[in-house]
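In what comes next, subunit A is part of two complexes: it sits with subunit B in the first one and with subunit C in the second one.
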Partner chain A sequence: MRLLRILFRLAWRNLWRNHRRTIIMLGAIGVGVWAMIFMTALTRGMVDQMIVDSIGVLPGHVQVHHPDYQDDPSISNRMLISADDISERLDTGAVKAWASRVRVPAIITSERESRGVTLLGVDPEAEREISFFDYDEVDGRFLTDVNDKGIVIGKKLAKTLETEVGKRVVLMSQDPDNEIADRGFRVVGLYTAKTKAVEEAYAYVGRRTAQTMLRIGDATSEVVFLGDDYRNVDPIYDVAVSAVGEGLSIRPWYDIDTYLGAMLGVMDGFVLVWVVVIFLALSFGLVNTLVMAVFERVREIGLMLALGMKPGSILGQIVIESMLLITFGLAIGNALAWATVVPLESGIDVSIVGDGMEMWGMSSMLYPKLYVSDMVLASSVVLLLGFLASLSPAWRASRYEPVEAITKV
Partner chain B sequence: MSAVRCVDLCKTYRQGDQDIKALDHVSIEIDKGGFVCLSAPSGGGKTTLLNAIGGLDIPDSGEVYVDGQRIDNLSKGDLADLRLRQIGFVFQAYNLIPVLTAQENVEFVMQVQGVATSERNEKAKEILKEVGLEGLENRRPAEMSGGQQQRVAVARAVASRPALILADEPTANLDSKTSDGLMELFTELNENHSSTFIIASHDQRVMNYAKRLVRMLDGRIVEDIDQRAA
Partner chain C sequence: MIRRCIFLIFLLAIPTLGSAEDRDGKSIVRDAINHWRGLSSYTEMTMVIHRPDWERSMTMRAWTKGDKRSLVRVVEPKKDRGNGTLTDDNSMWSYSPKVNRVIKIPSSMMGQSWMGSDFSNKDIARADEIVDDYAHSIVKIEEIDGVVIYDIQSIPNEEAAVVWGSELLRIRQDHVVLQHAFYDQDGELVKVLKTMEVVEMGGRVIAKRQRMNKADEPDEWTEIEVNEVEYELDLKDSMFTLSNLRNPRD
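What follows is the complex of A and B.
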């Protein structure tokens, strides 16, 4: 303990022997650690947003379908369970919102253009919590109930079809007997989504209206459940199983969109690689600083060895010096990261590269997310690798022959 | 029992194409409490002999005993332990650790030995007073004169009461007045603490203070004089 005290004292005072070099190194470590955490926060935020947006479009954390629906999302693969049946059995404890829908591929035709869309027959009230757009921001109006005879489409689709609120369009799909099922609808509203692709993809009609058009009675294509946290879907999954029973396909979002699910796993690996890459750049400076510090103190180290200090203590002294430097650098880096990320958590407008972001399924606002686990990871990696990097100069210092070192000019 | 006994020590250094015999079959025995000056011109082998006695250098052949223990075959770790607990060193220059104060430098060896804080504080203050540096305890080496620095080094060497104190050219960088002061201090400590002093020097003043003068030339002992008798 007494030996450790003198080692700490020597390490600390030696650290401040060359103020300028130490401050520059502290700055380098601080900025490096800040970059590790800031970029990680930015990337975490991007992926989070991507997942949240994607789940918002799917939407839901857990979905229930006919077992063959994913391979063939036609009306043939519908579920005979009605919304009323689910409502009776549902324990809403862990569920923030749920909705039962008709969801089939269809063709929408205006007097000028035709497009393939996904027809969503929805219960407007049930969808309110799940929807990726605010009903109040719809141009015109959103659907009022399941029997609403109007249609709500995206602004981009309206532009493509060269139609507008008040005009009529025709929806065409197939009924269970593979006969054409079609119907004319008046456009009552135009919604805005975060990406143009989404605005072109979905057409909303009342669920009962869709069921009547498709001649499927009370049957639906999809039931979705939404919880509070996309990372914790197990409770929702259990609720879904008890609500819809056996024989149906019940899947969490990451099974439905495997790309997004994989993104979460890839993110952790990416963060680690990013942290290690930045450290490697930093380590050159760190090792150089330590080598210089040792080189300048050869005679002093020789003196300590001559006086009876063990080589292990010399090694310990240099490693402690390195760890002190790194610890202060980490404190600076973490504080900088916190001070810069927290004010930006309300969003960074990157609309200047909005088109590029859209290609990746992201909106033009970035919301950096500062996770304590990422700060701990970056700090642990820097401490561990810093320790390893300091071993080489420390080892060299401890191997000096006292007689040679003490007479070194 | 003798404090130091060297038997037939040989040490050869290679310098360019030449082999230089730093120690050429040197044998010497120094009694406990002795005050010996090893005198030789530069390259005469005095520092090599001093380093061999201090476990800082291993002879090519021969045996070295300190306080009856053979040390030339000890491991590095054991040699470090021997230096820490049994030998005090005073070197020609660069004697102190620059980032420590005078008192901390004096306490250094004791702290590595594991002596309790209060005990080493007390000892350090006492010995600094003894070497005439009372009031300078908190000065760093850069804030002291060469003579004061050497006195701190002496204080450090004797603070833990080692049986053997080795000094290599301790007066080389000092003026005559400071050199005399330092040698008087050595004499006083030798008498008061009964430590054995072996000083390597070619300074006549140092030779005059020594009770025993051992002259070396080309790695051999050429003269061994008991100056008390003279």
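What follows is the complex of A and C.
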């Protein structure tokens, strides 16, 4: 214990013997660690948002469909399960919100244009929690109940169709017998989404109205359940299974949108790779510094060895010196990252490249996200690899022959 | 036989030729459509599709029975010969001998152009929804050269699958539609079907030449000219079947 204290003191003093070099090294480590954490926070934020947005649009952490719906999202693959049945059987504990809706492809036509859209027949009250836009921010109004005769479309779609609130549009789809099912709707509201693609994709009508138009009685296309965290969907999955029963396909979001699911997995790997890559660049500086520090002190080390210090203590002394350096660097880097990310958490406007971001399904605001786990990961990787990197110069120093070392010029 | 026909037409004409005042818009429109189509009909017509840089024409034969069923078959040009369209109620099928396939026109394609013309598939598949899906009102009655002409404004019902804000029909006392204009919901003219020539054919006074014209592109139009027409034929139901669409037996 005493030995350790002595070694620690020696390392500490050695560290500040050449304080300019130490400060430069601290700066290098600090910037490196900052870059690791900052970039990670940035990409984390991007992916997080992509997933949250996609689930918000998709939406639902756990979704129930007809087994063939994924392959052919048409009206023939509908479920004969009514919303009332589900609400009776539903244990609402883990579920934040749930909704059952009609969801089929349709054509929307105005006087001048027509476009393919996804028709959503929804229950406005149930969707409130799930919807990706705020009902109060809808231009005009959102639907009021399942029997609402109006239609709510995206702003961009309204522009394409050259229509507006108060005008009528025609929705056309197919009923289960492949006959044309169509109906005129008056546009009652325009919603705004984060991306233009979404604004063009969905048209909301009352669920009952949609069911009447498509002549499908009480049937729906999907039931979605939303929990608190998209990373933890197992509890709601169980709830969903017990609520809807057998014969339907019940799947968590990462299973339905495998791209997003894979994205999340890749992200975790990516963080590690990123941290290691930056550290590799850093380690050259670190090892170089340590080698220099040892090289300068060859005679001194020889003297200590000659006075009876054990080679192990020499090794420990140098490793401690490097660990001190790294620890301070980490502290600086983490503090720096925290200080830069937190003010930016309200969002970075990247609308200059917004169109490009949209192609990835992302919005033009970037919200970096600092995870403690990422900071811990980066720090421990740096500590571990820093320890390994400092072993080689330390080992070499501990193996000096005292006589040779003392007489070295 | 001829006398009987004349008598029949006379009979048909009596209720409609009555006093002009107490006729409402809806019945005028219905009569016009019935007049144009008859209980059954056979028409040979030429369709000219005109664009600023090209023009093409095709000759077609069409049969109708009742207000639901119709069959159209292309006779000329040679490369399009045999192309056919069958409609029954709101459904529509098309057949092309080149691919030897009958295709049911999906709802997504109903808004698209029919055979490249300015008519949409929807225009062809259901011409008579205008009677029931609209509220008709007579906006003007005028008399030109002793012929009464009604201007009827037809506004689609709230839930009708019609995108137009209103349609304006100009119908002559003898049921010939002189003009059919489509307005958007701001009251702006979008397209108009104009009758260019009225003659007596097949025992009726009909619009011989009609032109569909988009308002914002005056150089693009489609004209349909009736070359030959016969009414009240005895057409078999088998005429309006998918197998007849594929293998003509006339």
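Please note the rule applied: the second predicted complex is superposed on the first by the 409 of 409 C-alpha atoms of A that agree within 3 Å, B and C clash if a C-alpha of one lies under 4 Å from a C-alpha of the other, contacts with A are read in each partner's own complex, and residues count from 1 in each chain.
In this section, a contact is a pair of C-beta atoms (placed from the backbone, for glycine too) under 8 Å apart; a residue touches a chain by one contact, two chains touch by 3 or more.
What you see is a predicted model, and the numbers here were worked out from it, not measured in a lab.
Participant: Fit or clash for subunit B plus subunit C once both are placed on subunit A?
Facilitator: Overlaying the two complexes on subunit A (C-alpha atoms) leaves subunit C and subunit B fitting together cleanly.
Participant: Once the structures are superposed on A, label A:Met36 by its partner contacts, choosing first (subunit B), second (subunit C), both or neither.
Facilitator: Neither: A:Met36 stays clear of subunit B and subunit C.
Participant: Between subunit B and subunit C, whom does A:Met263 touch in the aligned arrangement: first, second, both, or neither?
Facilitator: A:Met263 contacts neither subunit B nor subunit C.
Participant: Check the residue A:Val169 against both partner chains and state whether it touches subunit B (first), subunit C (second), both, or neither.
Facilitator: Once the two structures are laid over each other on A, A:Val169 reaches subunit C alone.
Participant: Give me the angle at the C-alpha centre of subunit A between the C-alpha centres of subunit B and subunit C, rounded to the nearest 10 degrees.
Facilitator: Given the fit on chain A C-alpha atoms, the answer is 160 degrees.
Participant: In the overlay, answer first, second, both or neither for which of subunit B and subunit C A:Ser110 touches.
Facilitator: So A:Ser110 only meets subunit C here.
Participant: Touching A:Val403, do we find subunit B (first), subunit C (second), both, or neither?
Facilitator: first
Participant: One more residue to check, A:Asn178. First (subunit B), second (subunit C), both or neither?
Facilitator: Once the two structures are laid over each other on A, A:Asn178 reaches subunit C alone.
Participant: Quick check for you: in the superposed arrangement, does A:Ile75 touch first (subunit B), second (subunit C), both or neither?
Facilitator: Touch partners of A:Ile75: none, neither subunit B nor subunit C.
Participant: Closest Cα approach between subunit B and subunit C after superposing, in Å?
Facilitator: Nearest C-alpha pair, subunit B versus subunit C: 86 Å apart.
Participant: Could you tell me which stretches of subunit A are touched by subunit B in one complex and by subunit C in the other?
Facilitator: Overlap of subunit B and subunit C footprints on subunit A: empty.
Participant: Please output the residues of subunit A touching subunit B within their complex, sorted ascending.
Facilitator: Touch residues, subunit A against subunit B: 2-3, 5-6, 9-10, 13-14, 17, 299-300, 303-311, 313, 402-403, 406.
Participant: Report the residues of subunit C in contact with subunit A in the complex, numbered from low to high.
Facilitator: 90-91, 104, 106-108, 110-111, 156-165, 182, 184-185, 190
Participant: Which subunit B residues qualify as touching subunit A in the complex?
Facilitator: 51, 54, 56-57, 76-77, 80-85, 87, 89, 91, 94-100, 104, 108-109, 111-117, 156
Participant: With touch defined as at the start, can you tell me which subunit A residues reach subunit C in the complex?
Facilitator: Of all residues in subunit A, those touching subunit C are 105, 107, 109-112, 114, 116, 149, 163, 167-174, 178-186.
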